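Sharing a structure with you now.
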Amino acid sequence: MGYDGLELACWGDHFEVDRALADHGYAKGRRELLERHGLGCWALGAHLVGQAVCDPIDARHRAILPPEVWGDGDPEGVRGRAADRMKDTARAAAAFGVTVVTGFTGSSIWHQLYSFPPNDWAEIERGYEDFAERWGPIIDVFDAEGVRFALEVHPTEIAYDLVTTRKTLDAIGRREGFGINLDPSHFIPQLLDPVPFAMEFADRIYNVHVKDSKVLADGRRSILGSHIDFGEADRGWTFVSPGHGDVDFESLFRALNRIGYQGPLAVEWEDSGMDREWGAADAAAFLRRTDFAPSSLAFDAAFQKSP
Amino acid sequence: MGYDGLELACWGDHFEVDRALADHGYAKGRRELLERHGLGCWALGAHLVGQAVCDPIDARHRAILPPEVWGDGDPEGVRGRAADRMKDTARAAAAFGVTVVTGFTGSSIWHQLYSFPPNDWAEIERGYEDFAERWGPIIDVFDAEGVRFALEVHPTEIAYDLVTTRKTLDAIGRREGFGINLDPSHFIPQLLDPVPFAMEFADRIYNVHVKDSKVLADGRRSILGSHIDFGEADRGWTFVSPGHGDVDFESLFRALNRIGYQGPLAVEWEDSGMDREWGAADAAAFLRRTDFAPSSLAFDAAFQKSP
Amino acid sequence: MGYDGLELACWGDHFEVDRALADHGYAKGRRELLERHGLGCWALGAHLVGQAVCDPIDARHRAILPPEVWGDGDPEGVRGRAADRMKDTARAAAAFGVTVVTGFTGSSIWHQLYSFPPNDWAEIERGYEDFAERWGPIIDVFDAEGVRFALEVHPTEIAYDLVTTRKTLDAIGRREGFGINLDPSHFIPQLLDPVPFAMEFADRIYNVHVKDSKVLADGRRSILGSHIDFGEADRGWTFVSPGHGDVDFESLFRALNRIGYQGPLAVEWEDSGMDREWGAADAAAFLRRTDFAPSSLAFDAAFQKSP
Amino acid sequence: MGYDGLELACWGDHFEVDRALADHGYAKGRRELLERHGLGCWALGAHLVGQAVCDPIDARHRAILPPEVWGDGDPEGVRGRAADRMKDTARAAAAFGVTVVTGFTGSSIWHQLYSFPPNDWAEIERGYEDFAERWGPIIDVFDAEGVRFALEVHPTEIAYDLVTTRKTLDAIGRREGFGINLDPSHFIPQLLDPVPFAMEFADRIYNVHVKDSKVLADGRRSILGSHIDFGEADRGWTFVSPGHGDVDFESLFRALNRIGYQGPLAVEWEDSGMDREWGAADAAAFLRRTDFAPSSLAFDAAFQKSP
Amino acid sequence: MGYDGLELACWGDHFEVDRALADHGYAKGRRELLERHGLGCWALGAHLVGQAVCDPIDARHRAILPPEVWGDGDPEGVRGRAADRMKDTARAAAAFGVTVVTGFTGSSIWHQLYSFPPNDWAEIERGYEDFAERWGPIIDVFDAEGVRFALEVHPTEIAYDLVTTRKTLDAIGRREGFGINLDPSHFIPQLLDPVPFAMEFADRIYNVHVKDSKVLADGRRSILGSHIDFGEADRGWTFVSPGHGDVDFESLFRALNRIGYQGPLAVEWEDSGMDREWGAADAAAFLRRTDFAPSSLAFDAAFQKSP
Amino acid sequence: MGYDGLELACWGDHFEVDRALADHGYAKGRRELLERHGLGCWALGAHLVGQAVCDPIDARHRAILPPEVWGDGDPEGVRGRAADRMKDTARAAAAFGVTVVTGFTGSSIWHQLYSFPPNDWAEIERGYEDFAERWGPIIDVFDAEGVRFALEVHPTEIAYDLVTTRKTLDAIGRREGFGINLDPSHFIPQLLDPVPFAMEFADRIYNVHVKDSKVLADGRRSILGSHIDFGEADRGWTFVSPGHGDVDFESLFRALNRIGYQGPLAVEWEDSGMDREWGAADAAAFLRRTDFAPSSLAFDAAFQKSP
């Protein structure tokens, strides 16, 4: 279909962290499987477990976590086991031979997004400290393994825009082991332009997702999403196949070239109104005609659903 | 300053619900005090207690609730006592002689706004049912007292846009005792136009707040607010004095005239960048030159802070 | 209320053409009445009779014509009597002491606006010739009386935009007796800017109406008007009080100053959503603060209804 | 060239209704001719005769009607014969094996589009009744033959926008035999969005034309068309090849998918500034890359000229 | 007319630098004259002489320089005498009792604005060095006198936008004696927003001019000005009275409040299409209703012409 | 790569004017070389020498002129030798067999673009006369040789927009030997639309360059270019590969077809952010799918740098 590789997800049967650590042949087998199809792999995706590291835990986490991480569901226990699993993910990535793990961090303060009842702003600052306390030891392991973590800047995470990314990087001491997976589809519904973001955080962008989204606001649809699923007719924005939304990919790719980004462009495909096969080919063709400086294209197969 | 009346808040010392019920002279005294200043009153505001009826309770609620409603802080206990206090508010409003109480409802599902971890959509529907179960008995008392409740449609509440207002009104059976306080300042940062809202819910608009807000998005500031306070330079939107923001009040007032709205226009003033005295006079002058069909103007003195 | 004069309409009891010609004292009496109120008059309005000069005649004309002009309603007879009355209007204007008569021309081709069934374009050209044949003799009388006719460029007339005004002026030989009454409210719903129009036809602008209109198109309302009355909620545009619509009066007045226009600015007030008294005062105040080079302000009292 | 079929017009020699009824072999022969070229046919087009059913008749109709329908040109006689021919068209369609006839209705009130002289609004309502009286018996025959009529919503017809379509469908009792041929090119110059139209009338959309148009208004060109032909430099809008104008086909096709539309997408090609052969291929390619859910493509060969 | 003071120009007979230095009573007399009219003065304007410090000298300079500064017109001589006069201006300002002198710097590289023939970029950098070499000694005198120089950022000067202001401040070592006179009217025709400029250079903004300008580009008028005078109909932009152009003064004043600016707001009035008296009163009224935090208003009487 | 020919530049080794005149075989050899590659040539480019005809001469000219034209660098001498070389270019063009020479004129007044110190407007008019005096004799030779000169309307030239083109053509008597090379990329950063330009000067457009540019103004970047090189991140506009910028080529080509333009469309490629080979192919493909009426495509190989 025109892709050079895959970004493998650490859930389902794409890439199993525990098997990779327990079984020396597993990682090698995965690599060989890819090579037989002429595919490379430059990053693992560890979004689901990462989400549980800082989040207040509720029933929704149970549905996305491995049973052994969920355990008895006690929130602090879940957070601790998720942190351990992230350390293992760094080890597995090293064993597999990739130097970037993308993922989420969760956030203890996300749910206080809209300040009513009025926020205690000192508590908000505490949220960044909580993040740093929980992720510092994880990044220590990443450093030891020679792997870097790339947070997908995204609503529900500790960093979701320019302000919060600045605070997040500051909280963790701007250490090199903690960087960014830039996915522009999460910028559009915040009315953000990914270009100044890429320019400001140039030295921390370790991975890029090619995903698109579209604002559908017409005065009747809320940009906040109306508590209805992606693809519902009344939503104020939704995800669409790359090139069919509001992301200005040409400007983004020019910015990435300008900052010297050398990593992969991984298509993350989600479009509730388009045939998936049609879309995967369409997205690859779109990238080939838009990416002036040939990059490696990866397909992020795991993300059939949001994020 | 050019105002005809006040919308009295049921907190601080503006209007005390428990005293109004315990002391027959209290309500009369409040009314006389207003009349001595040539002021009327057409609505009470009961936002803070109302918020606790459906919300998951956390430390922020303690700061806005009367001690006797907070009690020991056990969430279900807080919610129950808040519901009881709302019933008392209806009784006090009747004693005071107003037929509308404005306020908030809270919401058990607001914090699941952004569906990650992915929402269980049946749980979202459960949130509307929870609202109906908790507010149905409250509205029974409102009906008995001849008073109507007007929910300020607002993020963090069960209804914050057109979709959620439809679901909310449906959940409670479209009963007449439960209506809307239309505050257009909460529509702007959702990219919503209050005019089609007013047209659709014409027969349920019981009160109107004149408050303004301004989108400041420039590609670098998130419409989601960045977890920073109103008035911070990097916020993507903020509240401003009426006429200084993005609300098209002329179109809104034309729509209100078209639907036959006869209630007050209550200025709710909040602008972190303007002197409060200067602004109150400026707002009254703005309304006098914009409201073609002379309405009663009220000043919502309690809302020095958001909402 | 802040007006210096009136533009008197030649219908109802504002100014009666036949009495002015029959009774030497009538015109003088009208003038004295105005002067007693401190009002001037710089133009007569003769829209209704003028409309019948070129139009295909139908039942709607009966409602706007004097009985003696309608006669038996035979179309060609009506057109002829209307032309005669227009000549008398020039004579009456001279007697009354004004040098401009504003009005409509009608059009034999307006109803072929949208070319389906497909127009025979030679027939369209015939429409301009028909206009010239009928209005040439009328303008001869205007010339003889030292009065000029100012067509209000307007849909349903032979000229309604730049293209048709060029053709109309050409058809009648660009003679000086036939000019333009510029009313910008008819430009807005055609997506026209009155400024380039004023610049192009600078030497033929004999009168200006200050009237405003607003496009309400939101993708659901047609700019064509939906065959419903002005002020209906679903119309794609409507007339509004000056300063409340889409006309950029500051730019228009700057253009009028640039071309040396010295005539009156006559407020023609129509706004289905505003109190008429409130609006008349508001319009005068609007003009006083927008017209940098003090002009004479007139109020076009007859036009309570469209045009 | 990439088309799967044709929408055959009932004029010229594409499809002759009278021969189809008189000669049993004619319809079969037409079908075989198409099949030899690998083409299907899902609808007949009967715009010209349909136009005469409700219109005031003038010389322009003579040019588009068969001589036997025009007859002596007496308006009521023409209208009656046109109605009879529409009934025959339903019968011929059944014989030919298609279940949809697209076309126009004409309108007795279209020429009163701009209300001057002021409309008698009761007369306007009479226009919808006139339509229902004339088309009811025609649709009775369509029902009997198992064929549905699809009005192309279009200026000069009884329905041309959302408001008039609502009134039209109501007038004829929302009966299933009378539906819509959605052609988005007629929405653009009215500043209408075809998407909310498609959503509102989802169950009555029986055919779709893929035709495009472009607004060229620059403040100097009227959206009303200036009584000049399509393609003239000064026109405020014109028709263009699909994908070269202002229709957002991607959004329209997403809406059609959402409402479950299963019918053909028939290219109706008109572009005064493009080579016809170049354009037909370009249009097919445009559709292939824009229509995510493969549909049958038809080329509406008869429409070399507007509509 | 509503002004609190004047910004006195150092040319014509407003404020004569040489007399102020030669005659001890002159400065005192000027001050007393202002006080008799109830006016203050917070800054002197020294634009004309300043322009000659760095400029290539041509005939146009002769028209704006005092004869003794022009001398024999030899360019390097003119530049040297202009620099000396600027030093004297600092001394005179101190004598007069103001701490800010506003003005221009000129530029040795402005005329290479559009890089054709292609610029030698090292030569461009040389231009900033030339500026620093010439202005360093002048600012030494300013420092010694306790006066600060405020460059009006403006095309034809060494700094005219954000990029060039950064380079200019860097070239002169970001010393405190050299700051900025912010005049937003010079930002509009560059498509610049004065707000981010004010935020970036917050600590160097020593004076603010309230002047407005308007972009008139319509595809036919060049933003570069067409080598025709301000006010010509075909120019792509022009200066207008404050509040009548494209400057968003409310946002600018909010930004100035945010950065703690305490200086005067000096109206510089220029509008070729408005009566000057009418405009001066209109501008003062505009400021009174827009400046939320009462500031001192000055009228910059000397600038009847650009700048 | 999809090109039909080249526009040869008269510098470097593309086409040497002096050799063409001195050596009868040179021009023939050039033509044969092109034909061996299947390429045509319809115009010579003589921008660099032409620039020196009217310009004030500085060091930048030395870098772009042949040594024998520069000579001793005395300005008037340079201008005279440049004029002579332009005459020779006409002769060489005739020898080579092309009828159009594109190029620049220079301008004695360009550097007075921004009127400060205030322009003496009579001096500006003198600039057009200077142009006519210098270019009249050159065009005499063009006429004699049957070749036409096409000025590339461009900042730094005597004509760069509509106003200055009118004045330039008037100054030289609207003679046929002096026309225009329309390059739309120079219109975009002036906020000009090339379409009304093409319509106004239809009979003088002798050559068209297909080059694109993009406005990058975001309130922080000046449209004036900040005295930094094309491609710098902070510039307010830049050149980009055709189809990647703000030129609406479809509308331009429709206008060229309308005015009957029959000449070549010569791609002039400049994009600091795109691989040159990738871009040349992309540009040819872009033109093939945008040019409805097949034109000859040329590649303007010399212009690797601005202009």
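For reference, chains read A, B, C, D, E and F in written order, and residue numbers begin at 1 within each chain.
As a working rule, a residue touches a chain if its C-beta (ideal position, glycine included) is under 8 Å from a C-beta of that chain, and two chains touch if they have at least 3 such contacts.
Computed from a prediction, not measured in an experiment: that's the story for all the values here.
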Chain copies touching (chain E, chain F) - same or different residues, decided at half shared: same
From the options E-F, A-B or B-E, choose the one that repeats interface D-F, i.e. more than half of its residue-numbered contact pairs are shared. B-E
Round to the nearest whole Å and give the separation of the Cα centres of chain A and chain C. 64
Chain-centre distance (mean CA atoms) for chain C and chain D, in whole Å, is 37
Report, in whole Å, the distance between the mean C-alpha point of chain A and the mean C-alpha point of chain D. 49
Chain B, residues touching no fewer than two other chains: 219
Touching chain D in the complex, chain C uses residues 48, 51, 59-61, 63-64, 109, 111-121, 123-124, 127, 154-156, 160-164, 189-193, 195-196, 215, 217, 219-230, 234, 236, 305-307
Contacting residues of chain B [partner chain C, same complex]: 199, 250, 254, 257-258, 289, 292-293
Touching residues of chain A toward chain D in the complex: what are they? 233, 244, 273-275, 278-279, 282
